[in-house]
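Data block below; observations after.
As written, the chains take the letters A, B, C, D and E, and residue 1 is the first residue of each chain.
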Amino acid sequence: MTMALIETVNIGQKYAGQYILKDVNLNINRGEVFALIGPTGAGKTTLLRLLDLLEVPASGSVYFDGMDVTDNKSLRLQARRRMSFVLQKPVVFNMSVYNNVACGLRWRREKEATIRQRVSRALELADMAEYINRNARTLSGGETQRVAIARALAVAPEVLFLDEPTANLDPISTSKIEEVLAHIIGDQKTTVVMATHNMSQGQRLADRIGVIMNGEILQTGSPGDIFSTPQKKEVAEFVGVDNILSGVIVNRDNELVTIDIGGNLIQAISDYPIGEEVHALIRPEDITLAPRKDASSARNTFEGRIARIFPVGALVRVEVACGFPLLAVVTKRSAEDLSLAVNKRVYATFKATAVHIIKRWN
Amino acid sequence: MTMALIETVNIGQKYAGQYILKDVNLNINRGEVFALIGPTGAGKTTLLRLLDLLEVPASGSVYFDGMDVTDNKSLRLQARRRMSFVLQKPVVFNMSVYNNVACGLRWRREKEATIRQRVSRALELADMAEYINRNARTLSGGETQRVAIARALAVAPEVLFLDEPTANLDPISTSKIEEVLAHIIGDQKTTVVMATHNMSQGQRLADRIGVIMNGEILQTGSPGDIFSTPQKKEVAEFVGVDNILSGVIVNRDNELVTIDIGGNLIQAISDYPIGEEVHALIRPEDITLAPRKDASSARNTFEGRIARIFPVGALVRVEVACGFPLLAVVTKRSAEDLSLAVNKRVYATFKATAVHIIKRWN
Amino acid sequence: MTELWEGLVTAVKLIISLDPEVMEIAGRSLAISATSSTIAALICLPLGAVIHSNKFPGKRTLINIVQTLFSLPTVAVGLFVFVLFSRAGPIGGLDIMFTPVAMVIGQVILISPIMLGLTISALSGVDKAIADTAISLGASGLQTAVITLREARFAVLAGLIMGFGRAISEVGLSLMVGGNIAGFTRTITTAISLETSKGDLELALALGIILIVIALVINLVLNRVQQR
Amino acid sequence: MTELWEGLVTAVKLIISLDPEVMEIAGRSLAISATSSTIAALICLPLGAVIHSNKFPGKRTLINIVQTLFSLPTVAVGLFVFVLFSRAGPIGGLDIMFTPVAMVIGQVILISPIMLGLTISALSGVDKAIADTAISLGASGLQTAVITLREARFAVLAGLIMGFGRAISEVGLSLMVGGNIAGFTRTITTAISLETSKGDLELALALGIILIVIALVINLVLNRVQQR
Amino acid sequence: GQQRLKVATTTSLYDTGLWDYLEPIFEEEYGVELDILYAGTGIALEYGMRGDVDVIAVHSKAREEQFVAEGYGVERVPFAYNYFLIVGPEGDPAGIKDMSPEDAFRTLYEAASSSFISRGDDSGTHGKEKAIWASAGYDYEAVRTAGQWYVEAGRGMGPTLLMASEMQGYTLTDIGTFLSYKSELELVPLVEEGAILLNVYSVIAISPEKHPGTNIEMANNLIAFLTSPQIQELIGNYGVEQYGMPLFTPCAGAEPQS
């Protein structure tokens, strides 16, 4: 039996008589980075609080390093001393930044010299060294978040829990913190469990992602899996598969199937039989736009008119009406090169392999 | 004289004897959306608090709708009743969601019927209608943020201040909130002042952006201006111009100048004279990568090897070593098509117009 | 020990039989201390909010002084009020000595520092962001004070209960300026003191128990109100 | 009014001349109430933290009872202790009646509900996230209690000061179980009551002023400690 | 509202219940609200001097005479008397039973082993105690500091008795308080005879010249009431029902001599 570092068996939590987390079975392996993603109110924070042993589940059990820590107080404290947690809304104690970061170490009865050294190191990692003597209550939002991260790092946890760790940080601070995390993940083999709504952060840092919605884990898998082959419509929507088309499989030739989307035929790769009602998922960045129909190997080409164009950072999102609405993403540069404009006629092309098929109503 | 709705004259703020905001002169015009962007600790929150009349500046004056409201208590209250503010770390009062949202209206002595109607409307806008009877303290991070937004909207402010309004929200909620904001901006001509570290949010929503760093406003301008023609190196770095090359203008032919970057020559458009020490700024998305040198109109083409590749969402960032480091961004699809890999030889191409020149040490 | 038991039995008997004399002094005790608590609360809640929410030089010192007055001995307050309102005193003309009015005045002086100090310390526990949020939503100074007090309601209520408790349980002041006049200024505590000096310890204990029962009822009522 | 002025003058004279009798009873007052406050604080701070941080059925009721005991009349506590420790009482053999020990015991009973109740209400103002953060950083139950108390230190201190103030200012209890014995159990408040009954109002007022001065000093010292 | 008459009385007189007994009779007869203030001798005199009451009823001859001499009181009118007692533990370790008061005090002083609990509060009873020490030939200051056995309680009569009982010591008490406390005490009367033990209660109306605001008319009514034959009879029988013996001997305005 290979043992997960943290294992939950059917845990649930309820508030005011209502289950807001139901039957979660999750293994967190030693050394992995696990990201929980999901919309507001999905239960991310609740689940992290159960895993960090801050709360006792209403049902089910939690195992840490092979021990049942569901409700044994002293085991829980022992286990908790091997973890630390950066809360979603970080609070600092009304004392200096130094003392804030030193707290966890003091509680573990470390020597003053060790404490001094570890606090300095943690503050340097979080780029907060110059604030060491400030009262932590006077810090700005982002500074507070970085102190909270330093405080959690200082105790050199085996498991680090992070709840939206960079929500209050600008892109530069975010990448610094991500570097620090990458570093401790690589160097110290720290297990990391994070909740984030920033999916690209999940993608960048995580080994495995769990998608949670309405208190249930809908899918876990590698970032690649989650992003390219979501198993449910909700997951697909959430991870940015903007094209979700409902249809029926009307033909198949080995693995190549033809799907009827309200009269338009799309080709894709799938195991489902003829007659199956499915969703066809296509990531907008997998769709190419061209002024002419060209002879590419792509199986699917549709002619249409541009319905809407809107820029997003370095990219442009283009909505094409081609019997059904298709959303494509192109770079600003290509948009300029193709001189895309509303009402312009274009050809939207995508490969059969870029279409991911899932069964409907599952 | 056209009058700005809010005008600050040399305002500054100090804490513990130190100025953390210095001589800020800012006009917020009626009906515009103004975004403050800047790194952690830059002074965004401090400035918003001064504009919202939550704090009195240590120096300088604040005018609202033509009146000096720097320190007249009753004028300040009157002005404040025409504004509302969503704090960076939103707190809710320990009462139901309904009562939370109703507070501002009660304080304005609105009729109960009006209150009921406006609260419902605001909660619907923020997609929180179903939580109306919950104690607001039991909400999740994102839900709390949405209640705070509803609460601020309910009073139908002339000026709405938002401090990182979507920091705790997932992408779907974020776009919902952005839609709501776009709606009230369009419909009700509300003036909006927001602080955000989410630059694309600034870009999407703002008419004008102010970049603040270290307590000083370094540049204000349209999103386009800020993103394509930053006037200082710090601004450039912050808005994601990842290629900042130092060089000297060595030649010019009308507007076309040649810049010597440590031996490599780059062509660009600029007014600066020969001998001027400058930074050449190139956005990574303006750089094309190709396996062969092709005969495009682009003035600058450099041969190099790929040093690093890392994916970011639907994009891939590619670091090319071509005498100097160049960072390019391409779509995943192009990366696959070009089969980019570390150490592979590529040609990086960019137009002379894609290079933005600023003077050094300004 | 038997006295304790007998005291309890007597208390229960007195309560059940609604002994008119006991009911009368209990009612008077309650009326006087409720009046003084209400007056003190009306002064101290707003004043506490003002002191809490403003920065001014000497604030720390002011709070120190208020807290020092937690130690005001009842009899000293009694002396003070006596000296002030006695016929020979500066405002003796009012002729309120040895009336419930004098007792109320004395109790207000006694418990105001308590209510004020505890209100301020209750407010000190409220996140500063609460007041900021209220102000930013257009609350006036008073409205901000109300919402802040509301957020600290548990601790604020504890302060009010403490003030009321001090008022209803004090005796030195009531004896001094009330005079323990039967049917006019006799309260439960002065009656306890009388019974004690008369040697009827059971009755004294029984009255003590009745006092606590009254306090409990008031407490439950206030808590009910707070929870609404 | 002249009495007030004369009282003040007398107080200043007594303080300046370090009048030995006054110094003695002042010292005793301070010693007794400091002892009982310390004992009560050692009981109530941890107990308050435990009650605050645990959910259990009847918690609300427990707090109601504690707050009700804010109204404990000193003389009732005095009677209770008297009945307990008197020769005829259940633990009369200890022979501590009319000694400072009995006074300390009585004061601990009197002020424990106050310190406990105010500790709980001080803690109620602390953001729950503080305790969560401490626990998540590996704090044990005790360590969490300490940091939470520390966050509420201003209000917690106010509670301790209130308890001390109640102890040093109470008189009914000290009279009842101490006996106001000159040179042994006489404290400032029992002396005030004696001087008042003798009709020496100036001296009584002067003693009251001295009491307040002592309270002020204690207060400043505690505040200094808290601010460190 | 209604006319009020304020009387400040010593605790020892009030605690016997005599005032509660007489109050309704007087109120009925004169249609006035009688306010009996419960206070120590010292503070009762203070109330009188300040004009906060209309009448005082105390039992401290020397101070009463001074009060009248200084013009605060109109006239000192004795209306009843009884005797002080020296009480002590049943075993009487000092052996003072049936001695004269002076001899009893001398014995206690010499033995210096059994506690003597003094009121020590300048009350009428305390004044009497001092008078006995003087009559026995001691300087009171010397007695006060004579040793541990001399305990200054600084309290009212009832508590002082309780304390004496607790400490199994001796004390001087008025008979009324002793009888009403008897059930709580492990003390018995040891010395009951001796002219010096005489305890006279008198009433004094506050002089309207000093304090024009006082109700001299009604004060005189009260004094007349107390010294009237019917009331004197009631006073003479007061306590028989409850204690099996009268607490007071009426003396209708005349200073008793024995």
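As a working rule, a contact is a pair of C-beta atoms (placed from the backbone, for glycine too) under 8 Å apart; a residue touches a chain by one contact, two chains touch by 3 or more.
Model, not experiment: these values are computed from the prediction.
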| item | value |
| --- | --- |
| Chain D and chain B - chains in contact with each | A, C |
| Best-connected chain pair, where connection means C-beta pairs in contact | C-D |
| Gap in Å, rounded to a whole number, between the CA centres of chain E and chain D | 36 |
| Centre-of-Cα separation between chain B and chain A, whole angstrom | 24 |
| Euclidean distance of C-alpha centroids - chain B vs chain E, Å | 90 |
| Rounded Å distance, chain C centre to chain D centre (Cα mean) | 17 |
| Two or more partner chains touched - positions in chain A | 89 |
| Residues of chain E engaged with two or more neighbouring chains | 39, 156, 159, 162 |
| For chain C, residues contacting two or more additional chains | 89, 127, 196, 201 |
| Pairs of chains in contact (touch as defined earlier), listed by label | A-B, A-D, B-C, C-D, C-E, D-E |
| Touch list for chain D against partner chain A, complex | 127, 129-130, 132-140, 143, 147, 150-151 |
| For the chain C and chain E complex, residues of the former touching the latter | 86-89, 95, 97-98, 175, 179-182, 184, 190, 194, 196-199, 201 |
| Complex interface listing, chain A residues touching chain B | 15-16, 37-41, 45, 88-89, 138-143, 146, 163-164, 167-173, 197, 199-200, 203-204, 237-238, 240, 283-286, 288, 311-315, 329-333 |
| Sites on chain E touched by chain C in the complex | 6, 8, 11, 14-15, 17, 20, 23, 33, 35-39, 49-52, 156-159, 161-162, 177, 180-184, 211, 213 |
| Chain C-facing residues of chain D, complex | 1, 3-4, 60, 64-65, 67-76, 79-80, 82-84, 89-90, 114, 117-118, 120-122, 124-127, 152, 154-155, 157-159, 161-162, 164-166, 168-172, 176, 188-189, 192-193, 196, 201, 204-205, 207-209, 211-212, 214-216, 219-220, 223 |
